[in-house]
Amino acid sequence: QTNIRFILDWSFQGQHAMFTMPVDDGTYTKLGLNVTVDRGGGSGDTVAKVASGAYDLGFADIYSMIRFNDQNPDHKLIAVMMVDDKSALAIEMKASSPIKTPQDLTGKTLASPVGDATRQLFPLFAAANKLDEKSIKWINVSPELREPLLVRGEADAITGHLTTVMLNLQNIGAQPSDIRTMAYIDFGVNLLGHAVVVKPEFAARNAEAIRNFIRGSVHGFNAMIKDPADAVASIKKRDPLVSADVEKDRIKMSLDYRMITENVLKNGASNVEPARLEGSVKDVAEAFGINKVPPASEVYTDQYLPPRSELRIIQ
Amino acid sequence: MTTNAAAMGPGAGMKAPFVRITNASLHYGEEDESGSLALQGFDLEIARGEFVAVVGPSGCGKSTLMKLISGLTPRSSGHVTVDGVDVVRPLKTVGMAFQNPALLPWRTVLENVLLPIQVVRPHRTAFRQDRAPFVARAKALLAKVGLTGTEDRFGWQLSGGMQQRVSLCRALIHEPEILLLDEPFGALDAFTREELWDVLQTLWIERGFTILLVTHDLPEAVFLASRVHVLSSRPGRVIYTTDIDLSRPRQQDAIFTPRFVEYVHDLRAHVSRARQGT
Amino acid sequence: MTTNAAAMGPGAGMKAPFVRITNASLHYGEEDESGSLALQGFDLEIARGEFVAVVGPSGCGKSTLMKLISGLTPRSSGHVTVDGVDVVRPLKTVGMAFQNPALLPWRTVLENVLLPIQVVRPHRTAFRQDRAPFVARAKALLAKVGLTGTEDRFGWQLSGGMQQRVSLCRALIHEPEILLLDEPFGALDAFTREELWDVLQTLWIERGFTILLVTHDLPEAVFLASRVHVLSSRPGRVIYTTDIDLSRPRQQDAIFTPRFVEYVHDLRAHVSRARQGT
Amino acid sequence: MKYKRTIRRAAYSASPWIATIGFFLSWELGCRLLNVPPFILPTPSAAIGSLLEYRDGIWLNASHTLVTTLLGFALAVVFGAGLGVIVGGSPLLYRALNPLLIGFNSIPKVAVVPILVLWFGIGFVPAVLTAFLVAFFPITVNVATGIVTMQPELRDVLRSLGASRTDILFRVGLPCSMPYFFASLKIAITLAFVGSVISETVASNVGIGYLMMSASATFRVPLVFAALLVIAGMGIIMYAAAAVLEWRFAGWAMRT
Amino acid sequence: MKYKRTIRRAAYSASPWIATIGFFLSWELGCRLLNVPPFILPTPSAAIGSLLEYRDGIWLNASHTLVTTLLGFALAVVFGAGLGVIVGGSPLLYRALNPLLIGFNSIPKVAVVPILVLWFGIGFVPAVLTAFLVAFFPITVNVATGIVTMQPELRDVLRSLGASRTDILFRVGLPCSMPYFFASLKIAITLAFVGSVISETVASNVGIGYLMMSASATFRVPLVFAALLVIAGMGIIMYAAAAVLEWRFAGWAMRT
């Protein structure tokens, strides 16, 4: 039995069931793993914790990892499983807002946590849509203030993961039809999303364990698709206060927007086209002010993946 | 409860004694606590302008009597009136020198002496407008008790006897109607003490306020007071009273006259009997 | 600095005086501050087992002398040795009754009296093993000063004179080699005071410790001490010394003998002269 | 007169309830009259409703936080009072450590929690440590101040017995500082709750802090306030316990 | 002997420097020996390096935080001491308000900041208010305790003059509570910094809190620690100022 300490990117949410269900149904155990799943405090926090050795594996935004690697060349991490084939970064505004195209954002006020990935990568969005990035007025707020400021009209738009923001807005009384979104992916910014990250040394030492972890997680992915109610139950077991309805919606939304794409349906989970990854890394590196663009091989490796046949995702 | 006294009113006070204590008792703490009954069945009357001394064995309730009259500690039963008014809260017309000097440690000697001026009603307004006359008065008082030059020191920089004299000045400065002095000369050497007897007697003759003096020194009581009360052991009450018929102003050498000595011996006998009662 | 005294050593102390103060002075605060020079050019010797009294005008430095000998306040210059050892830090062999009772307010009377037992070296270990004999001793002492029944009350629930007696018991309980008493009977009535004179004299004759008594009461000094020193006004130094040649144990009626009265008058004259010097 | 006194006594004993209920009533009314949306400030009735609805989950988390806080608080009392005694007893250490202590305490502990987590893992230990780190300082400051300002007359009583510095510290300094110490407990217990909750919001799978995080992440603001009410309630209970001790050990300072 | 005393005096005055430098040295050594990666705990030299490198930006943000904190602290002193006097002077109010105060202060103020932001907008005002809300409680508790435990003998001096309750409060209670008050200032100033920084991390475009947030989002941990050092330094300076006042107004309590 190998012990695996796994840290999520945030507090327990519906889509995390792909990692908790295999714990609950004994899949990991059968694969020779003893997995503990802890909640995290944001992707940045998660990568630091994996790098420090406090955790063995983490679930984090792949671009956060790139930035961390640039700052800490002695403690680089690498992604071993791409979970989100599509980034969910997006800009949200009220449906009644005059902002209809990216260019309409010129001179507007946007609220966002300073560390939010959407905000950090906004330059890519601006460049792709010929928008004067400097004309934007940013307000820095903590996550719990972002949506209320939009609702109250103090911000013209906000940035954040679709799957988070949409549900938050619904929680404070907005209807889906009241909200307009601009997902980066739909506006020329072709980014990937969250991945399972690990220290290369750890991966090298425990190659078979990582492979088995991925096997188990693919099983969880499929189980979550098949039985969302069971998935929610698995989350609720860990945080009894989550709302079943909201998390069910979140699972559906995560699957639709982030996790299940044509690529995934056709090739299975974690099928990363090197050119796409390389392109996005180059763009992101520029936006982050990273001079030494890392080669794709230092960002993501498929060497710990089980055979493609075992990565199949069935809708 | 207050009706009796109120009926007489302040006008009637001319005739009635200035301080009147009738059948008063005082418990410290809860009533049932043993050893906390300090005064019982206490009767005492003091006319306006009188100089009265109280003597008695240690722990008999003399300091308690002071607190009773000034209203610092409420009586448990009985009647206490001052100037015809029932004493239910601290009086505003007393000057009190406590047994322990109790100088405020953050104030200099001068500021300590000026404290009553800053607090007591007619003076405080005047003081705010013009400090000078009050400062002069305080300095004059300090000079009278031999403390010139200590004005700007703190109380805790003085010797025990000096602190006691500061405390006496503090009791006098606002020229109260009634002066309650609890062993004001206890920590002084014989000469300073006798000098201050004169100072106090002169002040009393000039100003005519009412004085209640607690002391252990029987010659002091006889020298200063017009009447001396002897208290019993705890619970205290008056067991003997004598008028001192000596002419005023009394001089230092009066102490050696046979009448004086006789008064002292008489009191001595009664205090002794009071102690025996323990 | 310490060489002189050290050279004599504790062995030599048999011959040398127990307490020896030579040309000592004591400033409070900074040296240049005016009015803070309490003792100057002070000389005093006390033999082991002697009973010495010190009298002098208020503020002349008597309490300061106590602090000098006990090491509570360091001298500014000169020499002070006790038992042949230079006094540079508080001594461990004194029992001190301060001018102000200074009872610890969070301790009951009994606990206050037991304090030295809990602190002073040989006793504290014994006390930890068995409290009973010490509690009995404390109760016996309290009984001697007339405070039976107050053991479990707090200091601040007692009258001034009672507190002073507790403080006296606290100075005695650990049977110190040298006893420094600063007006220990100041707040007591004549009878209690005279009773305690007897108590103290008996203890002294029995135990033979060295006593330095500060008092304002000249008869008290004469009655108790074998030698009396008169201090000058501030800055204090000894200006007159007299041996009291009265047989021991002295009885209460000795007070009225002519020799006694003569001693008192003699001292009176010298204290008066000391004050005039101001 | 007796009647009056009875009324006054009743008013006295009921006063905390009156004040508290009055506070909640005005909060409720304020919210309703100003029509404050619940995601800004829920009414207390909504918060209490949430409290009842999720009582099981809240109870689970609250008990966890309580244990964490108590442990951190206990550490803070022991260490804080100990440091206060040391620092109050030695002017040199007082001077030497003051800047470090002040500097350290000016730092928001949220910034320190991640370090603790990296060292001790997620969950229990960092929360206890955070509660401790946040709470010890007031105790240290107050105990040291109490010792430094002990009455010199009482100190001299001990010195005249040739007592060692430790003896003086324990027999006069400490009792003198008891009222200060108990005052600081009031401050420290509230800070301990703040500390453990903060740590739980940063890194924990359980506890009121985690509950608040996850509730506010999903904008269940009434639930957040229910959690806050629970913390407040626990703080009050803890304080009441300390007040009993205060009466026992520092009652002499309030003698009349 | 004179020589010895000179050395001791020098050690005394240098002690804070020695302690502080010793602290930094052991931190530096610890990091190097244990090979702690900079994203967990940077060495102080790295932090100071960052401090120098970004001094302009840090200075800008620090001065903003300083102003915010000072305003909040000033409010806290005025309100906290005022409330302390009221509460210390009236047993009824003391009893009535205690639970509310304890309850309120057990709540982590991070939870309250969003409400303040929604009411007062982003930036300056909520930060000042947070600093105030965090800092006033220790002052209130200590002032009230100082007043409640004033020496009864001194209170009786005033009462014997027929002084009103206000007079007693101001002429005896307040001076008696001065040592407590100054002790609480030490606590309050550190809390005020914590409060304003916390508020800035939640919602502000400027200030040390914002700087820390954005530095930690970009993994510039040494910069985060540089910011922490700046806060610590400001806290120490503020405290030094308060200590001067303490010596002036409560020096009597430390008489020897």
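Read from first to last, the chains carry the letters A, B, C, D and E; within each, the first residue is number 1.
Note that in this section a contact is a pair of C-beta atoms (placed from the backbone, for glycine too) under 8 Å apart; a residue touches a chain by one contact, two chains touch by 3 or more.
As the structure is a computational prediction, the values presented were derived from the model and not from experiment.
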| remark: Between chain B and chain D, the fewest touch steps amount to 2
| note | Under the touch definition above, the chains in contact with both chain C and chain E are B, D
| query | Counting in whole Å, what is the centre-to-centre distance of chain A and chain E, each centre being its mean C-alpha position? | reply | 40
| remark: Cα centroid separation, chain D vs chain E, in Å, comes to 16
| note | Cα centroid separation, chain B vs chain C, in Å, comes to 30
| request: Just give me the whole-number Å value for how far the CA centre of chain A lies from that of chain B. | output: 86
| request: Pull out every residue in chain E that's touching 2 or more other chains. | output: 40, 114, 118, 152, 201, 253, 255
| field | Sites on chain B at which at least two other chains make contact | value | 100, 156
| request: Going through chain A residue by residue, note those that touch at least 2 other chains and give them in order. | output: 48, 52, 144, 148
| said: Please list each pair of chains that are touching. | reply: A-D, A-E, B-C, B-E, C-D, D-E
| remark: chain B partner, complex, touching residues on chain C are 28-29, 35-36, 55-64, 99-100, 146, 149-150, 153, 157-162, 165, 182-183, 186-193, 216-218, 268, 271-272, 275, 278
| request: Quick one: which bits of chain E touch chain A in the complex? Just the residue numbers, please. | output: 37-40, 113-114, 117-118, 121-122, 201-205, 210, 213-214, 216-220
| Taking the complex as given, what residues does chain E use to touch chain B? | 153-154, 156-163, 167, 171-172, 175, 178, 252-253, 255
| Touching chain E in the complex: which residues of chain D? | 11-12, 15-16, 18-20, 23, 40-41, 91-93, 95-100, 102-111, 115, 118-119, 137-138, 141-142, 144-145, 148-149, 152, 179-180, 182-184, 186-187, 189-191, 193-194, 197-198, 201, 209, 212, 216, 224, 228, 231-236, 239, 250, 253-256
| query | Can you list the residues on chain C that touch chain D in the complex? | reply | 70, 72, 90-94, 96, 98, 100, 102, 104-106, 115-116, 118-120, 154, 156, 170, 174, 180
